[in-house]
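Structures follow.
In the two complexes below, subunit A is the common chain; its partner is subunit B in one and subunit C in the other.
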Partner chain A sequence: MRIPQLDRRVLYMLLAIVVSIPLLVNVPLPPPAITPPTKSFYETIETVSTDPKTKDKLVIISCNFGSGTLAENLSQLEATLNHIVSKRMKFAIFAFNDPQGRDLGGSTAQRIADKAGYKYGKDWVNWGFRPPQGIQSLLKAMVNDLHGALGTDVKGTKLSAIPMMANYKKADDVGLIIEYAASDTVKYWVQFFQRAGSTPIATLFCPTSVMANEAYPMLETGQLQGMLVGLKGANEFETVMKRPGFATRASASLSYSHLLIILLIILGNVGMIQDRKRQQGATK
Partner chain B sequence: MKEETVKLIVILLGVASTLGIYSILYKENKVFRFFEHMYLGLAAGYSISAAWNDILRPQWWTLMMIEGRWWMLFAIPAAMMFYMIYSKQNSWMSRLIFGLFLGATAGQTFQSFAADYFPKFRTAASKAVMDLPEVNQPGAYGLTPYSAALNNVLFMVILASVMTYFFFSFEQKGKVIPSVSKFGRYTLMVAFGALFGSTIMARMSLLIGRMYFLIHDFVQVQLLHMQ
Partner chain C sequence: MFQVQHGAALYTYIAGAAVVSVILFFALTLVPTKLRRPLIMAVTFAAGLFYALEFFWPVSGPESDQKNFLTAYIKPFSDITTVLQSFALGLGVYSLVSIHMRKVARTQSGWAYSLVLIVSMIVMVIAHIGKEYIKSPWVHQLNDFAYSGLMKSLDATMFSIIAFYIVSAAYRAFRIRSTEATILLVSAGIIMLGQVAIGQAITNAIPNEGLTANFRVENMANWILKKVNSPAIMAIDFGLGVGGLATALRLWLSLERGSYFEEEL
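After this line comes the complex of A and B, so read on.
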């Protein structure tokens, strides 16, 4: 049987097997090469957390993803949030593109914060979800008045009544923005918030791998200081942190699935060329 | 109900949903359609709940009804004006509110365009070969000065050739212009290949996430009690 005529369900089955085996048994794989965007991502958090000017400032964890991209965005969030809490930085969860981000980000933060001894309201807060339709206006309003623009946290408590937020009132009190997204929502931070205060705020981006291509120019221009590209980026970050998690375990599945697809593309093209030659031979 | 039981039910529902949705890979079937519609319904319901709990109740209802900011009541007629578009007699009202929002959005677009694209224009225009960033500065990618110079030259050549490819105002004749244009087309194809590769990686990641759920969370943890 030739590849072009192969039932697609056989290919799906092959893919499922190739993806499953590394999840069932430990398949050895060399550690990933740490790419420059991941390296600068890590170094930016290190710099912000140690620089006297920024170490006590707020970190905004912007969770704009849903259950559809859990494998990529959640593994990025877990890896980086572990780094943030290890530096004892205070953070706020926020979502404005997908309401699921509020809960997925909130529950992950709760789990990691509990392990690190963080207290809600003292060390971290969940600002909740705001609609994407008005995000430009909201971000502009947040520049000078975080409390007034956001109003309440996810529990309905006024931000002004949350102890931790007493020190964080405007954009100048924010030291770092990390955007976890399934789309290009980081642009709103860059356009309306990042440079609206007295000093530019370091901005990091954790996109799904399909969205990463559009963001590379922003690294070049300095609009972004680092980026984790999908599951691969999360794996690199876990390697840098020496803290293996889901991304490390999934990286073998990712690599072998890519190998399978490359092999199928080659076989498919060989089959197509043979078919074409056969047809040409028949017409002659 | 015990927390463990609730967790088991949630995981079983997750397993049923995952297998139900993936059943489309075998062939079109009613189980897939059921889970597809269930997902859409859940997503819609979830969004409505989030809109009320996170936006309308704390940002509007509570302020108006409990804190006495009665003027927020005017949000209702303003919102109703959008729906006047369906009335031939009163559609002029919808034009007022649409005009207001169009004006505000247009104003914001100036700012968003400047903040988004001006740094890109500046970087593209100032990519001189010798104007190299410090190795550890953002944008340097940790490149050595020589590799950074090569990177800059490549960038400028590709930028010029891709722009030549998209120059449709005159017929591309002679030897130089079509060759440059062709090179631009090839570099575009390389970029599309990279984009497609990233798409594959994203889709594989989603599959791996679901397989991990089935294998680890369901089989290994729930059935075999492995950690």
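After this line comes the complex of A and C, so read on.
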């Protein structure tokens, strides 16, 4: 049987159906396997939140993503921030690559913090957005003086006037960095901040799936302690936490769209082999 | 070194800085053409030298607060960088608006798109900056409509369109035409299956302990990512790093040549 050439509009329609149906109705799916980067991500938060040396230190939630990668990065942020607040860890929202990160991170943090009974300024703070062009020098300045380098929070209040910031003045007061990004911005933390204090700061990374490849070497070298790979990573984390959210629902879309792509690759290649055989037959 | 100012002092400092900047820019325009290049070279070298010296100069003090004599100047340097970038942003906006205004005024081809760009820009500036300073509800409604309602959705839509191109490309272009392409296709298939729950379910029956665990699709995918992909990425990064260092040195020492560096100033 000859495989017919599929029009690209048919392909688009197939993808739209495969992606949207699992989001509209509940499609059963086996639970995901928990991969080593997710396991170590979870264990790092557990360790930092229980170790007497780090449990009272600040967690920097670095939101360097925009609405283009909302499905992946926001799912990761929600899943992990729920874990952070369940451990009663104090955190600061920060953005330096995409101005949208300040609002997306801030509004998500506000919602989760309100539910957990966190008070702004006492339990969490939003440092706001800083332009990416000067980030290297800003991070270097933050190592010894968080208050001086950052100046004010997103509302224009001096950091020195925010109660919780009285305990957090430099890199040594930071216990954990979590970077949520659509690009390789985690390298700035690794290069200029992570090891600039007296002890290395545990650093976790939540990239989009396409950016994860570039971060694997940093996992291997120990510069990153864990990683959630895109929506799949968020789904695994929700499974570990036994707290299903958007990532769990959307993982069915992801699964079936992957299957569709594999099926189309096979169909395309079968069609190519058939054409080749036919051409060879015609030549003979 | 430079303290943050508030109230009247802040505005005085801003006005003073603006006046000094205007005088400085005016003075720079008076510099003879022959001296402009050496001047830029000197400023570039001094700016680069600061960070190089700060990084390599020995530090002293308690272990948690080790500094050298340049460390205190990092923050002012960071601020100067931000201010310079703001000038660049201002120039960019001026250039964009002037080009598109001209297009609209002359009703050149595509003038309607230019008009949309200018109107969108003005609306977004008013809405997004206005919401910080104006209490009136219409500014907030405008911001919700323009930023949350339109821009965020359009941004997400633009990005999601890539998925449709990937499907089309997978069907039309991902072919086993050579040995290399076959290896690529097989490893891509394993990675794709290993990344999603339904793919992982294929090998769920295999025990995840001992030698057999190696045949589970997620473990095969993880092996490819860690043991094949990582060294390749490291090699690329190493090459990029060496290249970046060479380029940085050329820029720092003003040795770079090309269209942006040899034009008449």
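Please note the rule applied: the second predicted complex is superposed on the first by the 280 of 284 C-alpha atoms of A that agree within 3 Å, B and C clash if a C-alpha of one lies under 4 Å from a C-alpha of the other, contacts with A are read in each partner's own complex, and residues count from 1 in each chain.
Heads up, the rule we're going with is that a residue touches a chain if its C-beta (ideal position, glycine included) is under 8 Å from a C-beta of that chain, and two chains touch if they have at least 3 such contacts.
Just so it is clear, the model here is predicted, and its values are computed rather than measured.
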{"item": "Contacts of A:Gly148 with subunit B and subunit C, given as first, second, both or neither", "value": "second"}
{"item": "Touched partner set for A:His258, first subunit B, second subunit C, both or neither", "value": "both"}
{"item": "First, second, both or neither for A:Leu24, with subunit B first and subunit C second", "value": "first"}
{"item": "Which superposed partner A:Ala116 touches (first subunit B, second subunit C, both, neither)", "value": "neither"}
{"item": "Which superposed partner A:Val240 touches (first subunit B, second subunit C, both, neither)", "value": "neither"}
{"item": "Touching partner for A:Leu15 - first (subunit B), second (subunit C), both, neither", "value": "both"}
{"item": "Partner chain in contact with A:Gly222 - subunit B first, subunit C second, else both or neither", "value": "first"}
{"item": "Partner chain(s) touched by A:Ser137 [first = subunit B, second = subunit C, both, neither]", "value": "both"}
{"item": "Contacts of A:Gly268 with subunit B and subunit C, given as first, second, both or neither", "value": "second"}
{"item": "Overlap of the subunit B and subunit C footprints on subunit A, listed as residue numbers", "value": "12, 15, 19, 36, 68-71, 100, 130-131, 137, 140, 151, 209, 213, 217, 219-220, 229, 232, 254, 257-258, 261"}
{"item": "Subunit A partner contacts - residues on subunit C that touch it in the complex", "value": "4, 51, 63-65, 67, 71, 74-75, 77-79, 81-82, 85-86, 151-153, 155-156, 158-159, 163-164, 166-168, 170-172, 174-176, 185, 189, 192-193, 195-201, 204, 208, 216, 218, 222, 225-226, 229-230, 233-234, 237"}
{"item": "Parts of subunit A lying in touch with subunit B, wherever the complex brings them together", "value": "9, 12, 15-16, 19-20, 23-24, 36-37, 39-40, 43, 68-72, 99-100, 102, 128-131, 136-137, 140, 151-152, 154, 156, 187-188, 190-192, 194-195, 208-213, 217-225, 229-232, 246, 249-250, 253-254, 257-258, 261"}
{"item": "Touch list for subunit B against partner subunit A, complex", "value": "25-26, 46-47, 49-51, 54-55, 57-59, 62-63, 104-105, 108, 111-112, 115-116, 119-120, 122-123, 136, 138-139, 141-143, 191, 194-195, 198-212, 215-216"}
{"item": "Interface residues, subunit A side, partner subunit C - complex", "value": "6, 8, 11-12, 14-15, 19, 29-33, 35-36, 66-71, 100, 130-131, 133-134, 137-138, 140-141, 144-145, 148-149, 151, 158, 170, 172, 197-198, 209, 213-214, 216-217, 219-220, 229, 232, 235, 251, 254-262, 264-265, 267-269, 272"}
